[in-house]
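These notes open a run of structures that come right after.
Look for chain A in each of the two complexes below; its partner is chain B in the first and chain C in the second.
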Partner chain A sequence: MLSVKRLSKEMDGRPTLCEVSFEIEQGSIVGLLGRNGAGKTTLLRTMTGILDPEEGCVEFEGKDVHRFPEYRRQFLYVPDSTEVFVGYTPDEWADFYAAIYPAFDKAYYGQLMERFELPRRKKIKHFSKGMKALTAMIMAFSARVRLILLDEPTNGLDPIVKKQVLAYLVEEVADTGVSLIISSHHLEEIERIADTVIWLKNGRIEEVMVLEQLKNSLHKLQIVFKDEAPAALLEMPNVRVISKVGRVYTVLIEESGTDTVRLFEVEQPLLLEKMPIQLEDVYVFKLGGERHV
Partner chain B sequence: MITINERSTLPIYEQIIQQMKEAILKGMLQGGEKLPSVRELSASLLVNPNTVSKAYQELERQGVIETLRGKGTFVSKRTSPRMEQERLEQFQMSLRQLTVEAFYLGISTKQFKDWVDEYMRELGRDKHA
Partner chain C sequence: MFKHALWKKEYRQAKLLLWLIPIVCLLFMGVAQGFLIWNWLTYYEHTYNHDVSAESFYTVIDWLFLMRNVVLALLMVILAASLIGVERRNLQNDFTFSLPFSRAHVFLIKWGIGVVFLAGALLSNTIIDVLIILFSPFADHLNGSYHIKDVVFTVIIITGIYTFALFIGTITGSAAAQTILTGIFSVFPLGFMAIVTFFVYVNLGRDIGNVVHVFNAPIFNLVINSTLFFHVVGGREIVAGEYIHIWGPLSYIVVFLPLGLYCYRNNRLEYNGCIILFPQLQPVFKVGVALCFALSLGMFLTVLTVDFDSNRSVLLLSYYLGFIGGGLVTLVLMRKIMKIRFKV
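Now for the complex of A and B:
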């Protein structure tokens, strides 16, 4: 449906995106992950046409959206703050969107505002953070576009509103087959709702991963060796020691079979236990280990 | 009814399949009972709708559930032999765990077998034992 092709973008003379390419299918939820400054927001803003790329293009069903702006009506960007609309009421915001997006569904907008008990004639600036986030999403889904790009949609929300927002996103995808790109560094949220994850690092795509395959391509082991730990094994290119507490090693192994895991078993360690893989482990494995985001 | 365990080594769709079957085995879900829609289940579990529909498709393929067009998804009325198989496997697993415990308690194989014979007799099975 949407293809990003070798997209490059400089910001303030500094390369922020570097030959980024990927595709998004209909009804898919793509998680865009990366540390602060990795280029997530720049990528979303370039895809939506707010920024022009230096190189490459974004195609919606084969049409370059920077050359044919009318195709941008098929998708919508929800920034991480609603500052632009603080002076408006939701009804005014809806009128504004209805003028831009031909398929804007006013009846649906009304239903959703009622369902989430949001006032339609109060200025957005008097809304709480959670109300603002929900309103922005309601606007986006009422526009009946095919793809919605959400920049950190759950940032700063309390756990209950966060759950409400995520459940609502999932419902919309199930109902209408809309596609979503969600940028985040909240790994545990993305892990459950996304089907694909794109990892950005220093403006480049580090990895595109289909989450279901994840649990088969990475293994996490807890190992205690009888004597010295076999350095040759721990230094293999597809092995990474993520922690060592006393004599207990926790290692990540990247492979589709279990050949390397077997090598560890051959050493006859005192303990060798398989641990569940979390998205966070992949984060550590792929993005260099630094944990502070 | 279903809780996704993030610490599990099983992918989410397999967890849904397993727990759905378990709920049916335990009688929490009965033949002919209506199941939540893909939309409802994915929203309540906060998981991707495609994951839920993949689990439903697999359950349907195995004859555990069936979809009636325009009406929804239901637990199959007929009990399929495949589910019996699973119950057997589950039993075998529990027995294995018990055996491990017996070993560490120093219970001999003979004692263990005697007990099994005794309980079987109490139930009126295996009269010739």
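Now for the complex of A and C:
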């Protein structure tokens, strides 16, 4: 559906995106992860035509969206701020979108506003941050586009609204088949909803991961050794120690089978416990231990 | 459908300024003219028992229209800044460029909305003006061609300035830079000619009389015609014995509308806040500003400190002290200023 092909972008003479390539299929939720300054927002802004790439292109069904802006009718960018619409009421915002996106579903918009108990004739500037975020998403989903790009959609939201927003996103994808790209640095949120994760580091794609596959190929163990920890085991290329507290080691092992896990069992440790894999573990294993994104 | 959305967006963004255009026209045309006719001219005729001639009648109206043009020109420059420059300092620019419209289309609608309001305001207020005259004791003085010319010329002149201000907006990164540079370039041809003429005078040792003679030369007419400021303050006036032709502002529309389209299509948002958006233009701008300041400061220092009858070497020394000093200081300052990201 949407292909990003060897996209490169410079900001202030500094490369911000370097040959970024990936594809997004219909009905998928793609998490765009990376540390602050990794290039997430620049990537989204370049994909939506706000910024012009130095090299490469973004194609929607084979058409370059920078050269053929009318193809951008099929996707919509939701920035992390609704500043542009502060002077609008939701109804005015909906009217405006209806004039831009031909498939805008006003009835659906009405239903969603009612469901989330959001006022339709009150100016957006009087809304709380959570209400603004929800309204922006309702508008995007009511536009009936095929792809929505969300930049930090849960930034600054309280945990209850955050949960509500995330649940709503998953529900929409399941019901309508819309695709989502969500940029975030909150691993736990992406883990809950994304099926694919794109890691960005210094403007480059470090990894594109299909989460289920990845979780099956990674093992997390908590081990307490009787004596000295076996250095040969801990230094194996597919093993990474992610923490050590006293004699308690937490290690990540990458393998599709359980051969390396067995090697640890052979050492007869005092404790060897398998732990559930989380996205943060994947991040630590793949990107080398930088825990804060 | 699509066009409708974009018109709506631009209208919403600048509706206050857009509605000020007909209000300004109404104040300087219908309201001021009605006041003038009923409170001044009628009073004058009754008091002095003397008929106001058609010529005098239109001379007074000319002054009103001159003031209207100045206010309209300022308003249109501010409108252009609000549609392009102000947009650059907030997320509005991101939003505009993310919409499924070509940037050329966006630019044309920004241009179109201003021109439609301007032409509409002038036309409707001219009809009001004509009706006021027709129903006044001066109905006999009504000169239809004067009013038609006024509408046509004013639309062209003010559109010329508006087009130019929008174009400047496409190469500058902030509203302040857009407004200031539009102001400077509106008087630039004449100002530049003055400093170059003085440079020629000092360096070639020409008699000042010969230099002044340049003001009667055809080049002076060309410079006047390409100086937007003169068209605003005297679109229908006689300047230096020559009629100011309308081709000056017309050529601004013909040249700067396509140029603005090109620059708006190719401007890059990552440079928003810089004085000049295009990196390749930045050194040209820097050197150009330094050169103009060098020429100006050379001229001012000479005029302020040296007697024109003094020895030529004294003249040259004073001139080049100002020229080199002014040029170097400007270059250093420009280097710093060009690095700043302006938020206004």
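The rule is simple: the second predicted complex is superposed on the first by the 292 of 293 C-alpha atoms of A that agree within 3 Å, B and C clash if a C-alpha of one lies under 4 Å from a C-alpha of the other, contacts with A are read in each partner's own complex, and residues count from 1 in each chain.
Basically, a residue touches a chain if its C-beta (ideal position, glycine included) is under 8 Å from a C-beta of that chain, and two chains touch if they have at least 3 such contacts.
Quantities reported herein were computed from a predicted structural model and do not represent experimental measurements.
Taken together through their common chain A, the two structures put chain B and chain C side by side without a clash. When the two complexes are overlaid on their common chain A, residue A:A194 makes contact with chain B while staying clear of chain C. When the two complexes are overlaid on their common chain A, residue A:L271 makes contact with neither chain B nor chain C. Of the two partner chains, chain C is the only one touched by A:D12; chain B is not. In the superposition on chain A, contact of A:V208 is made with neither chain B nor chain C.
Contacts of A:G87 after superposition on the shared chain: chain C is touched, whereas chain B is not.
In the superposed model, A:I242 makes contact with neither chain B nor chain C. Applying the stated contact rule after C-alpha superposition, one finds that A:R72 touches chain C and leaves chain B untouched.
Taking every C-alpha of chain B against every C-alpha of chain C after the fit on chain A, the minimum distance is 28 Å.
Interface residues of chain B facing chain A in the complex, by the touch rule stated above, are 4, 6-13, 37-39, 42-52. Residue ranges on chain A touching chain B, taken from their complex, read 27-29, 163, 166-168, 170-171, 173-175, 188-189, 191-195, 212, 215, 274-278. Residue ranges on chain A touching chain C, taken from their complex, read 11-12, 45, 48-52, 69-73, 77, 79, 81, 83-84, 87, 96, 99-100, 102.
The touching residues of chain C, counted against chain A in their complex, run 1-2, 4-5, 8-9, 12, 90-95, 97-103, 266, 268-270.
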